[in-house]
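Shared chain: chain A. Partners: chain B in the first complex, chain C in the second.
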Partner chain A sequence: MRFLYKIFLLLIFTFVSCSSDKTPVEPEDLGYEAPMPPATINQNNVFTIEFYSLLNDNSLFQSSDYQSIINHLSENITSLAYLFDRSDVEFGETLSVVDIAWQSKMNSFFIQNNIDEDKIEGTGMIVRPLVTVFEGMAVVDSFYIGGCALLAPLSQPVSIILMTCKITQNFQFSLITKFIGELFPTNKVIVGTLKNDMEEELKTYLKYHLKNFRLSFYNPENQQNTYKIFFLTPVNFVCRDVTKTRIEDIPMYECKIEYLN
Partner chain B sequence: MNRSISIFFLAFFILFSISINAQVISIKIMSMNIREGGELANYNAKSYSDCIKNYNPDFVLFQEMDHYTIRNGNKDLLGEIAVNLGMFPYFGRAFSFSSGSYGNGILSKYPFYNARTITFKPTDASEQRSCAWIDVVLPNKRKIRIAVTHLDTSNDQVRVSSIATINNNIFSNNMPVLLGGDFNAVPGSETMNYAFLKWQDIGSGTGNTISSSNPTKRIDYILGYPKSWEKITYQVIAYPELSDHCFIVAELQFD
Partner chain C sequence: MKIKIKYIFLFLLFLVPRIEGKNSLNQLKVMTYNIRFGELATLSEISSFIKNEEPDLVALQECDWKVNRERAPHQKGKAYINEIAYYTELFGLYGKAINYKGGYYGVGLLSKYPIIKSERILLPNPERGKEQRALLIAEIELPDGNSLTFMCTHLEVSSSKTRQAQISFINEEIKKIKTPILLAGDLNATPHDQEIKEGFASWINLTDTSYTFSTKEPKIKIDYIYGYPTQNFQLISTKVHTDCKLSDHLPVISIIKLIYTNY
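Take a look at the complex of A and B:
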């Protein structure tokens, strides 16, 4: 009986050993890392996005005094698009971004973040062409992203879907990847703002949940800034440079993005 | 333990979703065919803005809107009215015209997160036409699609084909939709009989809309999808100095 018991144990041991041998070893997920972009910049393939932002939780325009921006937009016609972070609006009042666009003979859109009874927070987008499709996603009370297709006048005209969003909480990461799709197959270029302390979290999340992308940040020097600008693009785009300037009192970040063909 | 937490969150999410959907959609919408880009008002934005201000709508649907045409003095009339009223504009181009564009326009009190224009020119149509729509999250968190169209004048077959194209593109995940505009067809016509297969005629039984000085025919409508919109008020108003069409102002609710 004792002998049979030993045989039984031996059989179980053999079975477990054999079974574990057959279990495929999961390769370790190393995540995605974009290849280094070329060292040399092809200036013919660089386009500019102007990003106006205080990079904090205040509204961009404290009054309707934005004539200098209208003048700037009317004179500077080389930028592909103009984004106005926190160009908040109050119901019934003149909408700053709509007004700037109308006075500059351009077209405006608005990507909201929060809406309550009398005020809407969000980012205005001004573009030159008449846009047929404005594409976006609204997860009520959680996350909004939106943008439109633009033809960048590069060495060869390239269609870019420029989008913007604001990231303030980490549950929004999965909503971004859901919106983009895992393989980042299109020319969606996302320029938005991110809470200062979330950079590493976003990097880690995207590394394991998205492919074929580049992610970079503009970190403001001012310690009082609570947000930074992020650039999430397909791998065939790269943000080359961000230069801070001012149009009157409004901080503007001139973002140079290269299309790597 | 993990399972209990998941069930708790699932139940919370379901209750939360139900509470969001329990909020009634309550909006005021206005439809205005402004005739040839606003010719009767000399393309003056203030005239239209002042008229709209009297009714304080959440959405305005324009037909026959010009965008930077020689005819209208090379201006963005929709944008100017939007600035005057503090609303968000969206222009839906039907075709190139007079060195600019011609089509439909939408003004919204609330920002839109999606916007699209489709164009169609069925066989025998005299002009290419369009249908433009925007998707909006209302302050009570409900989503709604607001659309505008202006159908061709040629014949019923062309208009039925146009409505079929609109129907094939406009419905999305049971989102409530309002479609307004100039259908160039009277109640009982083949066009409107086809439209009412899918759409609710919210202004059923209301007055004629053309001409504005002597209304004898009803060709402007606000249609609802699904067919469970409640009409609170529905006015047909005449401003002969602004258009040959009467305008529509409707207060509507949707559970």
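Take a look at the complex of A and C:
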């Protein structure tokens, strides 16, 4: 009987040790880290986005005095797109982004952030070519993202879906990744604004919830700015430089993005 | 017993607005207008007419984009939708159908409310020698947070067979859309034509039978506004503006009640 009992214990021990051996050890999730981009910039693969923004919670245009921007857009034809953060719309008033586009003979789109009965806050997007697809997502009262497919005239024509959004709360992070998909499509380039104190939170969230991406920021020097610009691109794109300038009173950020082929 | 009935009545009074509150209701003023490439009027005149009507959504057909057209020299090089959007203070969207004389020719739409996403789709063109046609689709966010898909099209002019193929294609496309849909445009067929009777059997007609073509001598109806699915729409009123002579077509304007159920 004692012998049988020993056999029984031995079997139990063998079973436990064998099964524990087979238990897969979960590898520690280190998140995604993009490889360093090449040190040398291929200027033939760089395109420019002009981002007009006060980087705060005020409307970009206080009146319809944006003739200098119309002149600038008419003369500067090399930028791929022009984004006007907080070019808000008031019902029954001239739409600034439609007006600028019409006068500079281009095409406009509008990505809303907040809509109420008589005003819509959002970002105007102006592009030169006629666009057949404008992608977007709206989670009412929570998050909006939108943008259009463009052909960037680089060393070889590259199809880019240029999008924009405004991030003000951390629950929006998951909405972005839901929209993009875990495997970042290779041609979605997002240039948007983010509340100043959310950079680390966004970095951490995307590190563990997204792959094949690059995330970079432009931090304004002015302490009065409550937002920064972020660049969320597939790994085959990289933001190389942001230069702040002004078109009369309106701050403009000239963003140079390189396509890494 | 009398007191009990009183309480039941009070309870019902309390309940009724709450049940209604679940279904958000909107009224939209929707216009469709074939502007005949601006041959008979300036874009400013067309825009003035549209702006005075204060529509929420407008579907425009026969719109040029930077064309040099002999029959409309006063419109040379103009991007119709961009310019009309500017004058009417609405958001504009253009859908190219064909290349034409240095520019494009197609359809467009205007919206009082922002466009979440949009797409231009080329319609089937099974017969040789027929002009390519397009369907312009825009998802629009309304002020109450609900979304609506607005479509604008201009179907084949001379072949019933091609129109049938185009309408069948549209009926397949709408299966992909999760919001209520309004389709407006010049369908180039009368209400008695088979493609309209059969092709739009599952839609609700949001216009009447008044003639829309031609302006000089209105004899047929070929311009429509349809809603899908039927339970999401109710026609409040509709009018063909017979006094508007800015094109060879007459503009059609409907006031439509949008009923959001558990769609």
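The definition used in the following text is that the second predicted complex is superposed on the first by the 239 of 261 C-alpha atoms of A that agree within 3 Å, B and C clash if a C-alpha of one lies under 4 Å from a C-alpha of the other, contacts with A are read in each partner's own complex, and residues count from 1 in each chain.
Here is the rule we use: a contact is a pair of C-beta atoms (placed from the backbone, for glycine too) under 8 Å apart; a residue touches a chain by one contact, two chains touch by 3 or more.
Computed from a predicted model, the values in this text were never measured in an experiment.
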### Query
Putting chain B and chain C onto chain A via the overlay, clash or fit?
clash
### Message
Quick check for you: in the superposed arrangement, does A:Pro35 touch first (chain B), second (chain C), both or neither?
### Response
neither
### Query
Between chain B (first) and chain C (second), which does A:Val140 come into contact with in this model arrangement: first, second, both, or neither?
both
### Query
After lining up the shared chain so the two structures overlap, which partner does A:Glu117 touch, if you call chain B first and chain C second: first, second, both or neither?
both
### Query
Shared contact residues on chain A for chain B and chain C?
89, 91-95, 98-99, 101-102, 105, 107-112, 115-117, 120, 122, 130, 132-138, 140-141, 144, 146
### Message
Under the stated contact criterion, what part of chain A meets chain B in this complex?
### Response
89-95, 98-99, 101-102, 105, 107-112, 115-117, 120, 122, 130-138, 140-141, 144, 146
### Query
What part of chain A is in contact with chain C in the complex they form?
89, 91-95, 98-99, 101-102, 105, 107-112, 115-117, 120, 122, 130, 132-138, 140-141, 144, 146
### Message
Going by the contact rule set out above, which residues of chain B touch chain A in the complex?
### Response
20, 67-68, 76, 79-80, 82-83, 86-93, 101, 109-117, 135, 137, 139, 141, 143
### Complex contacts: residues of chain C adjacent to chain A
65, 79, 82-83, 85-86, 89-96, 104, 112-120, 139, 141, 143, 145-147
